[in-house]
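These are the structures, in structure tokens.
Shared between the two complexes below is chain A, which pairs with chain B and chain C, respectively.
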Partner chain A sequence: MNLGFEYPWVLLGLGLCLLPIWRIGAVANPYPWLAILPIDPLSLAISALIRLLGGLAIGGLILGLAGAYLQEQQVERIGHGAHIVMLLDRSNSMDNTFAGKTPETQGEESKASAARRLLNQFVDQRAHDLIGIAAYSTSPLFVLPLTENKAAIHAAIDATALPALAYTNVSKGLSMALEFFDSRPVTGSRIVLLVSDGAAVIDPDSEAALRELFKQRQVSLYWVFLRTANSPGLFEMPDDPRDDNAQAMPERYLHLFFNSLHIPYQAYEAETPGALQQAIDDINRLENRPLHYVERIPKQDLSTRCYAWAAAMLLGLLGLKLCETRP
Partner chain B sequence: MSIAPNFKDYRFCLLAAALLSLSVVFFHPQTSAQVSLYRLVFVVDITRSMNTEDYQLDKQPVSRLQFVKHALRQELLKLPCGSQVGLGVFTERRSTLLFEPIEVCSGFAEIDAALAALDWRMAWAADSRIASGLLSTLEMLQGKDQNLVFFSDGQEAPPPNPRYKPDLSALKDKVAGVIIGVGGDQLAPIPKFDAKGQRQGFYKPEDVPHRSSFGESDLNPEKIQGYDARNAPFGSEAASGDEHMSRLHESYLRQLAAESGLQYRRLTDADSLDQALQQAAFAKPGTHTVDSSWRYAGLALLFLVMVYLK
Partner chain C sequence: MTANTQPFQYRLPRPAVGVFPGAHPGQMVGNGQLFKRHDTLIARPDPRRIDLRASLLDPFGHYQVGVQQQHSAIDVYLLADLSASMRFVGNNDKRRVMADMLLSIAASALEYGDNIGFIAANQHVLTDGYLPAGKHLGRIQATAKRLETLDLQPGSAGLQQAQRYLPKHRALVFLASDFHFPLPQLQAILQNLRRHDVIPLVLWDLAEYGRLPDWGLFQVQDLETGKRRTLWLRPGLKRKIEQAFAQRRVQLQQQFRASGCEPLFIDNGYRAEQLGQYFLRRAG
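Up next is the complex of A and B:
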């Protein structure tokens, strides 16, 4: 039991519980000689009961006034869910539509806003997940740690509505996303959800570092590639073999790199908002391994119960008061 | 024997009054109190000059950025529950938001972690065009019910050319907020880091541009040594200066604040930040319901104690 009090100093008032011992709080009837009265166990018991009721009523009131509560408790539970780090691309091209144009007419949705809408829905569907957010452009931006605070996650996803930044440096972004799992117990699924509309060449140094990180952290990777119409896709082979290199087709090569990591990896080529929905549905379906999670039971107020207790005692006293006899 | 006389007994009346008073508690009486809530968006300059170590924490020199982070984390504890805080960073010529305002009490751990993670290496480009950055921030926040808190040391890199000053007048008074000047009055060296984040001494005069060399000079061409309109619009002499050192450019920030209709305050310690932020101009009325059942329970206690007094 972790009992706590909002105003512990009020507990000093518990001294008042002794009042009924000093006075019984009943009408005193004159009697010629008290010593003549025989000792009556029943009377003594009733007298003790009356005093006890009074003391308990005062005690209940004092505990209620002191604001008794049960402290917040953490209960470990097992559910289904994942630790998800969303790695969001903030490069310029995310502000365009899937057709590669600036959104003009109503009803046209930029890639960023489509991603935002769907990610917000996704977050609401995942009840027990811890979700962290990182963003990247030329450099990685730490946004939110792994958290269950849904309001905060929505606030961070909504902030991507603002104009995007500079270029795409996916390797730094990935290393930051993997750092989120440092010093976290391995439980449930660990997911990096990369949402981007392009890729960049990963230099050999960071490639080696990433390989190691992915292996150590036991992370599965989902890449939602928001493909713009007519841009080279992940699975496309170039017409001209001379174009088959990382500079000309960074997306294809990044995909090959992810495949070579030997981790659970799934790529989605989303050319319309509907395809992005498909990717999110898949994650919902696949990534539901048993997860140890800590459920917080919020602080429970006990003062109302104390008052109810005191009220019951008062009711008893009132009843007894009606039984009093008078001379 | 009748119980009728008992109804007239003063102790009975006191007990009944106590019970009556206590029964009010079960209807959850509440009073609402007016409180000042805040909706602030912190935008922190993360350009290199913010690494200058001219603040002290626990007698250790710390960089301006670290001090700003420290002051902000302290401030989080001081803001009343129900207030909201958003966070953004500024570098190059614009700023970006990391998250929209989050409620400070329920989101304390998250905001605190995001503040702790602020780093100059988040910068996506290396210029420091503060006036443009302020303009983009104001554009971003206009029409939202949020107050801007913009932290900067006012050191533009390269130095501003008044001829190409961004025009803030269109956004003047559109966003209420405050520019917080960060840094000391004395010139201090700016630490230099390599690509891996290792410290490599300080910036030297030859490392930084000492004047803007874009477009035309704002000076009268006749005053410029070796002026040539096409080949040397800034003259033939190499610029020299102390741009490799940094201090708080307070007059420049004051000027920006005046042009954009923001206030200007200076960051000296965590309390100065609290005074700058928790001011009436930024307060938004909020109601806070207070449980007032203690009054009725207290009254009941009073009645009950009186039963035993005589």
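Up next is the complex of A and C:
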């Protein structure tokens, strides 16, 4: 039983439950001889009822005073969902609109705020997912470990409303996102959801390390590329073969790198908020594998219920007391 | 003297046995109005009562003396059960009723010239409340006064030992109690008192059975044992209680009649007329 008490010593008072057996609080009318009174089953039943009500009322009060509560419980459940790490780009350009401008007028939405809005919706739709959040800029930022606490996740996503930082260091961000899955059982899907609007060159050392990490962690990768107008896309072939290098087209090369990892990988080029929505809907639909997860039921205070119970019993006793007559 | 403590007239069903002259027809012969028999002058050396006619008719030539029945004085005792159940106060305080009864009986006994004694008992005979038979009204009144405020202790076994405090010869014993104890105990008491002329006075109160509320929760506490019982009063249960008391009344009557005495149920305070009528009915 996972019943707990704020003040366990108050439970000593439970002995008082036996008090009604001794006295029931009615006026004792002196009578010369009880043996002459006939045995009356109804009177015996009502007498027992009074004692029972009294004992239960005292018991309820004592439990209420002791501060009874149900301890936090962990219930193992099987649902559909995934372990998702959102890796958010916090580079400067995320604060611009999809048109590549700083949002000036009302109604224009920056890429970051569009991502925020849609990710919040996404989180609400995924009931049983464990979601962690990491961000990266010049360095990776650890924001929130894998958790099912929706409020914390929303807060963490909303926290990206702070002005963005400087550059884009994808490789370090990715390795941090992959570390989220360390010492986690492999159950359900494991997803890294990379939301960025640009890419950077990954140096060969990091590349090798990432390859190994992706293999070990069995992670699927979704890249939502928030493409700014007129910037090179993921699938675009450069006109000039000389431009076909990682420095000139980092997005294309990162895409090629992800493709070469041999992991489930999907890239979305989102040029408008609607396209981003499409990407998130896809993830929603695809990543719903059976998930073995532990649901936490928070501590529940029972003292109010104890007092309500005691009040009900006392009400019954009051009714009986009002039935009492005098000779 | 209040109305409750008026004297009443009593008489014995059988001739009294007592040496001292008094008001009750007895077995003693001596000075009196009623001629009993003739006796010789040697046996009754009272020359004032020589019956010359009887002497002449006597074939042996002895002087014959007329012998009259002498009325005797008797001892009257009130044997009171002072157990805790007598503390009950219904329409009347039973201790008050007992005190009235003592005063009334004492007044009647003193009118007749009889001796009055008082024995109280609960678990034991209360020696401090014991009054030997005598004619001292002051002591009786003091005892009656003390009775009204006496704190009573439980137990009624003392009634069985009361005969030790009673005289050897037959006395008129008023046995006053609520008789709220088992019948075998009553049988033992009556067995011990068989030498005497016992008048059982059953002190009940209408409030014990007739004046209970009609409906509702009612807790009663036994005055003897202190035990409590909760009753859900309703007309049906009230009727059952009244029936229980009626049945008890019949049982007591049977028990007393088996011992040769008729009980008097006093359930509405003490009235001297009730006892007067009782004795009239008994004589009839």
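Quick notes on this structure:
Convention: the second predicted complex is superposed on the first by the 252 of 327 C-alpha atoms of A that agree within 3 Å, B and C clash if a C-alpha of one lies under 4 Å from a C-alpha of the other, contacts with A are read in each partner's own complex, and residues count from 1 in each chain.
One rule holds in what follows: contacts are C-beta pairs under 8 Å (C-beta built on N, C-alpha and C of every residue); 3 or more make two chains touch, one makes a residue touch a chain.
Since the structure is predicted, the reported quantities are computational estimates derived from the model, not experimental observations.
Once the two complexes are laid over each other on the shared chain, residue contacts for A:325 go to chain B and to chain C alike. In the superposition on chain A, contact is made by A:29 with chain C only, not with chain B. Of the two partner chains, chain B is the only one touched by A:147; chain C is not.
Of the two partner chains placed by the overlay, only chain B lies in contact with A:20; chain C stays clear of it.
By the touch criterion defined above, A:75 reaches neither chain B nor chain C.
Chain A is touched at more residues by one of its partners, and among chain B and chain C that partner is B. When the two complexes are superposed on chain A, the residues of chain A that touch both chain B and chain C are 23, 26-27, 321, 323-326.
Within the complex formed with chain B, the chain A residues making contact are 13, 16, 19-20, 22-23, 25-27, 54, 57-58, 61-62, 64-65, 67, 90, 135, 137-145, 147, 149, 151-152, 155-156, 158-159, 162-163, 165-167, 303-304, 307-308, 310-311, 314-315, 317-318, 321-326.
Note for the complex: chain A touches chain C at residues 23-24, 26-38, 40, 42-43, 46-47, 50, 320-321, 323-327. Chain C makes touch with chain A in their complex at residues 85-89, 178, 180, 207-208, 211-213, 215-225, 227-233, 237, 240-241, 243-245, 248. Those residues of chain B that touch chain A in the complex are listed here as 1, 3, 5-6, 9, 11-12, 15-16, 18-19, 22-23, 25-26, 86, 88-89, 92, 94, 96-103, 106-107, 109-111, 113-114, 117, 119, 121-125, 140, 293-294, 297-298, 300-301, 304-305, 307-310.
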